[in-house]
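Heads up, the next two complexes both have chain A, just with different partners, chain B and then chain C.
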Partner chain A sequence: MAVATGSAPPPPSEVPLLYRRGVRRLLTQGIYVAITAVVIGYVYTSLDLREFGFGFLNEPAAFKVGNQWLVDVDGVTNSRITMYLVGVWSSLRAVLVAIALSTVIGVLVGVARLSSNWLVAQMAMLYVEIFRNTPLLVQVVLVYTILLIGAPLIENVVNVGDFFFISNRGMAMPWPVPDEGFWNAPIWFVGVWVAALIAMAVVAGRVRAQRQERERETGQPQYGNRWALGVFALGAVVSFFALGAPVSMDEPMIVGTHYIEGMVMEPEFTALVAGLTLYTSAFIAEIVRGGIQALPRGQTEAANAVGLSGYQRLTLVILPQALRQIIPSVTNQYLNINKNSSLAYAVLYDDLFRVANIVQNKAGHALEMFFVIIVTYMLISFAISVVMNFFNARVTAQRI
Partner chain B sequence: MTTETASTPARDLESMDDIIIAENVDKWFGDFQALDDISMRIKEHEIVVVLGPSGSGKSTFIRCLNRLEEHDAGRIVIDGIEMNDDVRNLNAIRSEVGMVFQQFNLFPHLSVMNNITLGPRKVRRMPKLDADALAMQLLERVGIPEQADKYPAQLSGGQQQRVAIARALAMQPKIMLFDEPTSALDPEMIKEVLDVMQELARSGMTMIVVTHEMGFAREVADRLIFFDEGSLVEEGTPQHFFENPQEERTKLFLSQIL
Partner chain C sequence: MKKLRFGLLAAAVVAIVALVAVACGDDDGDGGGEGRGDTVQTIKDRGELKCGVKQTQPLFGFREADGTVVGFDIEFCKALAAAVLKDHTKVEYIDASDASTRFELLAEEEIDVLIRTTTITASRDRELAVDFAQTTFYTGQGFAVRTDSGIDSTSDMGDAIICVQTGTTTEQNVADHFTDIGLEYDPQGGLSQDVADAFFSGRCDVLTADASDLASRIAVRDDAADYKILPQIISKEPLAPGVRDYDSEWKDVVNWVVHGLIRAEEIGITQANVAQMAANPPNTEVARLLGVPFQGGEVAALGFDSVDPQFIQRAIAAVGNYGEIYDRTIGDNIPRACTLNDLVINNSGCPDGQGGIQYALPYR
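Moving on, here comes the complex of A and B:
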């Protein structure tokens, strides 16, 4: 370093020991290492006393887990880790549905808050103020209470054409399930269907090329992509049924006081998802509003001057730019949905946290179970972050 | 677009129709009156330059002509279309009137090409290939065809403003509004934008230009209009303005900027 003016620094020997930078660095690092060593040593000796290990997870569960969907385990022959994974699947389901719904509602409400229509803007503001200023736990339990008390008993079930049922045991509707043997279908079936799909893809490509050619000639839009997609979808469905359609609709029935078959949305699931959605969508609405308002007013004016409609202005000019602001904040909200899903505990929805607690009640090993719980939540959060970072990289790829 | 390239200096404006009619237009921002009883008629192919100190209402006036601002009283008729609450009229007017802003207001997330083709494709439902061809033609016209695939942030201010002009022209308007198009530019880029505007004027476009570029006003304008405190103070030919202004306020303004 060149020092132009001033007196030269004193030689090292004249600086008192405690004022030397190198000595200070060494000292702080030494303290840090010492504290870490003490903590690790304490934890290690504690674990040693309690026989830390995960072997207990492989023992038979001997308890039931509710709210199962697309899985069917009774807990008699299954291990504890299997039951835990069923709970993880229940958590994931609630989180994914809540993320999708809160995004859609959040964007709609956020845009509505900026509406020039006074009533629409006020309604949106009311929505935001109610749901972001009350506790999530209260919202989840309130929805659950409404569903249990408000919905009819299963003896008086609301039956919509033997197709859709509503009672305080939940909503039930038909759901497609693969027939027995679908997964070991004869190889010729899969082969023929895949061949049919490839053929349809080729035909769809042709249709698209023809349409585009005609668009070039006539100057009229011919919607090549939509036609191609339609042709392919039609072909796929027709060939699927022509080959015997090894999937059937599973229609719900009521036996005694229970639904069997079909897809059942239990009140616990509905309450948790509804609570997470209402609460988070209010925050997402504010994030969307902020992202839009942060854009220069000139963007709206330029879009108007070019003649775009209000909807085109929003989807082609405003939202694509606002996403740069919106995505990082919305990622945080998605992570909150993941973590807040543990409030399932309050409505007895068998999510990963509740199942883990049952395991711990049966087997002890609290430390290991909390380790597993924390790692699971972190992994889900990590997966959400990775996906959102991918989207973020896409919208920020272009410097603006 | 009509092309009457050779018709510049001695155009017979008398025989042409009024394409813009403003009658007794008032505009208020809260308690502040931005426009006070403005009446004006502008003929097709006419080049009008609007002058005035800042806050005089000149920008507000041209923003009323494509309803970026809503006038509070009076009447505005663009090419025979009444400016009123009828949404169809508003859409029709916006497709006849192109606008160029002081701050360019290009869409930063779209390439130069897509900035220009967005309107034609989404509003006019023009096929992509035709819109692309039109955009290239306009980029040639404003002199930057080689920038088609760049993004606005990669261009200089002058280039951005020329893209903005091309974007407005892509909707094939009959009237072009310029709201201080060179005020945000570095001095060495002003000329390239004024050259494009001059070429546009020669081609017969009806233009209303808010600017402080007196050279442009003197050379290109058919008529100058001077605004002050929301009122139309004086109007006339460039000769009238620069050699023999009548009103005190006009004289004061011109003495300060010339």
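Moving on, here comes the complex of A and C:
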């Protein structure tokens, strides 16, 4: 390492004490350790009167949690941790649905903002400006209020063909349920179906190879992957039903003032998911727009020059490149959805935060409970990050 | 420049040292008070009572449009402020409407006393950092339904959607009760105001809460006739002021202010005649309760050394006796005669099997 300018650093002995690297490091680390020690010591001393531990989570819950789906826990014989996990499942459900919906809507709106159609572009801009500039809490509570006051009472339920109902107790719709023999289906059934699946996979592979071959020959897109997936899915479903599927559609009914059977989307869930979706999709739309606009105009012009249609230009040229910009930012939005799902508190939705609050109210142990809450949210965020990093690695694998 | 940087670094070091010192000092202070709080002194030093109250329940603790908080529970806050600070207006009403955080407010010393329709239970007494004083209001858990619902008791509530306030004893009672009668139900939980709104908008079939709570919410509605409260009561809900654990001095003051207000009703001391009674007490008991000498004798302090002997007198002068508080805040919305909150001494005129249980312990 030659020093070009000739102004060599002064020998260590001439540097003032506080500017020596070693002293600096020692000092900063010392300060860090001191602060940590003080914080831990303070927490520890203020806790010494209370019992610290997680044993209280195993005690009987003695409360029931609402908004259950696919689980049925009465809370009398179950432990507090079981009820908490029911809350976690409710949170996860809302987060996953909100992520899926906000991605679809966000991409559509983001692309629409760049549309050459003036009306479409302005509508998309209005959407973004409205939902990006109002608080999420307001949106969630507003949707909930509209659903409670605006939707008809169960007595005046809106009945669509006896299989779809809307009232202020939620939307009821048909839902497939496993028959009694579902989980202990005969071995031959499983064997035959798995064999059928393998056969379908082979067929799908052949179809894909064929179409890719034709694509190479003709130069026309043949959508090999999509065909293969379609063939496999169709085969799987057909063979499942051909074997006498042990699943039936459960159609909702109204008995007295209650929905029974079917799937009921309760207004609490709808309000939370709708709020999260509207809010986050506005941000995702902006991210998508930014990602597309960051591409050189030459990409669009080149796509036009080789005669691609508008849709092909978008899906084959623009979006695959824009994804490199989009995915990291969208990951942040997904993490926000996870964290913002705690706003369920405002709309009577029994998510993990509310259940944790109930437990804490009954048992005390606020510190432990918050520890559990934080760890849960972090685990969910971590899982989202892992999945998104996987996608990010895929889109950035190819250098451009 | 160099000097400035050194100064910053030095300042940071000094700040850290100070922080350590403060933390240690704080620790010493807490350690000394172990097992014995001094809330009375804290209130006096602050010059204001921090009262944790509900602000969303008509009749008990409710914030009016103009911002004032009114209700049955509020009167006890005023009585305590009058007793300790000699001024019933020196109260800061802290919003403890959210049932699931009310005990935290108390434990974290955000409030001095929790007067917020809170039920005494053994598990709360043991598991949470709360101690309960004398019950101010006896009620039980009831159910409100729409008049045309055809529901007459909980046995008609199979699969019903029940709105229930989370973080309350009602939540547990309803879970226990439905297990006992072998029926399923679907709970909708939330803050008390939110679940009441949900019920009145038709989201739930049933609203369950303390019967007094239900009565108070229905009484203030224009369409009150569309709702009814079932006669069935599934629990005991004695509502009492809560104080922090390990502070018997303050707990005793709260306790005896409540007893004093009930005793005042029993022996006919009212807001109107308390001054005249204090000037000229008719007997030794009245003199003792009001903290005044009887016929030139000594004033009995009874060992209350953190407040002066006239603390109950001031409470009565500020808000009246128990019956006056009840009539002024709750009145006919929840009838009192021959119900649990009537005085035991009035029970002679009641039908068989009915009567009050409000009974003041002797102040001597």
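Heads up, the rule we're going with is that the second predicted complex is superposed on the first by the 329 of 400 C-alpha atoms of A that agree within 3 Å, B and C clash if a C-alpha of one lies under 4 Å from a C-alpha of the other, contacts with A are read in each partner's own complex, and residues count from 1 in each chain.
As a working rule, contacts are C-beta pairs under 8 Å (C-beta built on N, C-alpha and C of every residue); 3 or more make two chains touch, one makes a residue touch a chain.
Bear in mind that the values here come from a model prediction, so they are computed numbers and not experimental data.
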- Will chain C clash with chain B on chain A after the two structures are superposed, or do they fit? fit
- First (chain B), second (chain C), both or neither: which does A:237 touch? neither
- Task: Considering only the touch criterion stated at the top, classify A:257 as touching first (chain B), second (chain C), both, or neither.
- Result: second
- Query: Thinking of the overlay built on chain A, is A:398 touched by chain B (first), by chain C (second), by both, or by neither?
  - Reply: first
- Which partner does A:362 contact after superposing on A: first (chain B), second (chain C), both, neither? second
- Query: Which holds for A:378: it touches chain B only (first), chain C only (second), both, or neither?
  - Reply: neither
- Partner chain(s) touched by A:317 [first = chain B, second = chain C, both, neither]: first
- Item | Contacts of A:308 with chain B and chain C, given as first, second, both or neither | first
- Query: More chain A residues touched by chain B or by chain C?
  - Reply: C
- Which partner does A:18 reach: the first (chain B), the second (chain C), both, or neither? second
- After fitting on chain A: smallest Cα gap, chain B-chain C, Å: 48
- Item | Overlapping contact positions on chain A, where the chain C interface meets the chain B interface | none
- Residues on chain C engaged by chain A in the complex (per definition of touch): 2, 5-6, 9, 12-13, 16, 19-20, 23, 26-27, 30-31, 34, 99-101, 103-104, 107, 123, 127-129, 149, 159-161, 166-167, 171-172, 174-176, 179, 184-190, 194-195, 197-198, 201-203, 205
- Query: In their shared complex, at which residues does chain A touch chain C?
  - Reply: 16, 18-19, 27, 31, 34-35, 38, 41-42, 45-46, 49, 62-66, 74-76, 148-149, 153-154, 168-169, 257-258, 260, 267-268, 348, 350, 354, 357-358, 360-364, 366
- Task: Within their complex, state which residues of chain A touch chain B.
- Result: 215-216, 219-221, 296, 298-299, 301-309, 312, 316-317, 320-321, 398-400
- Query: Quick one: in the complex, what on chain B touches chain A?
  - Reply: 66-68, 91, 94-95, 97-99, 101, 103, 105-109, 118-119, 122-123, 125-127, 129-130, 151-153, 167-168, 171
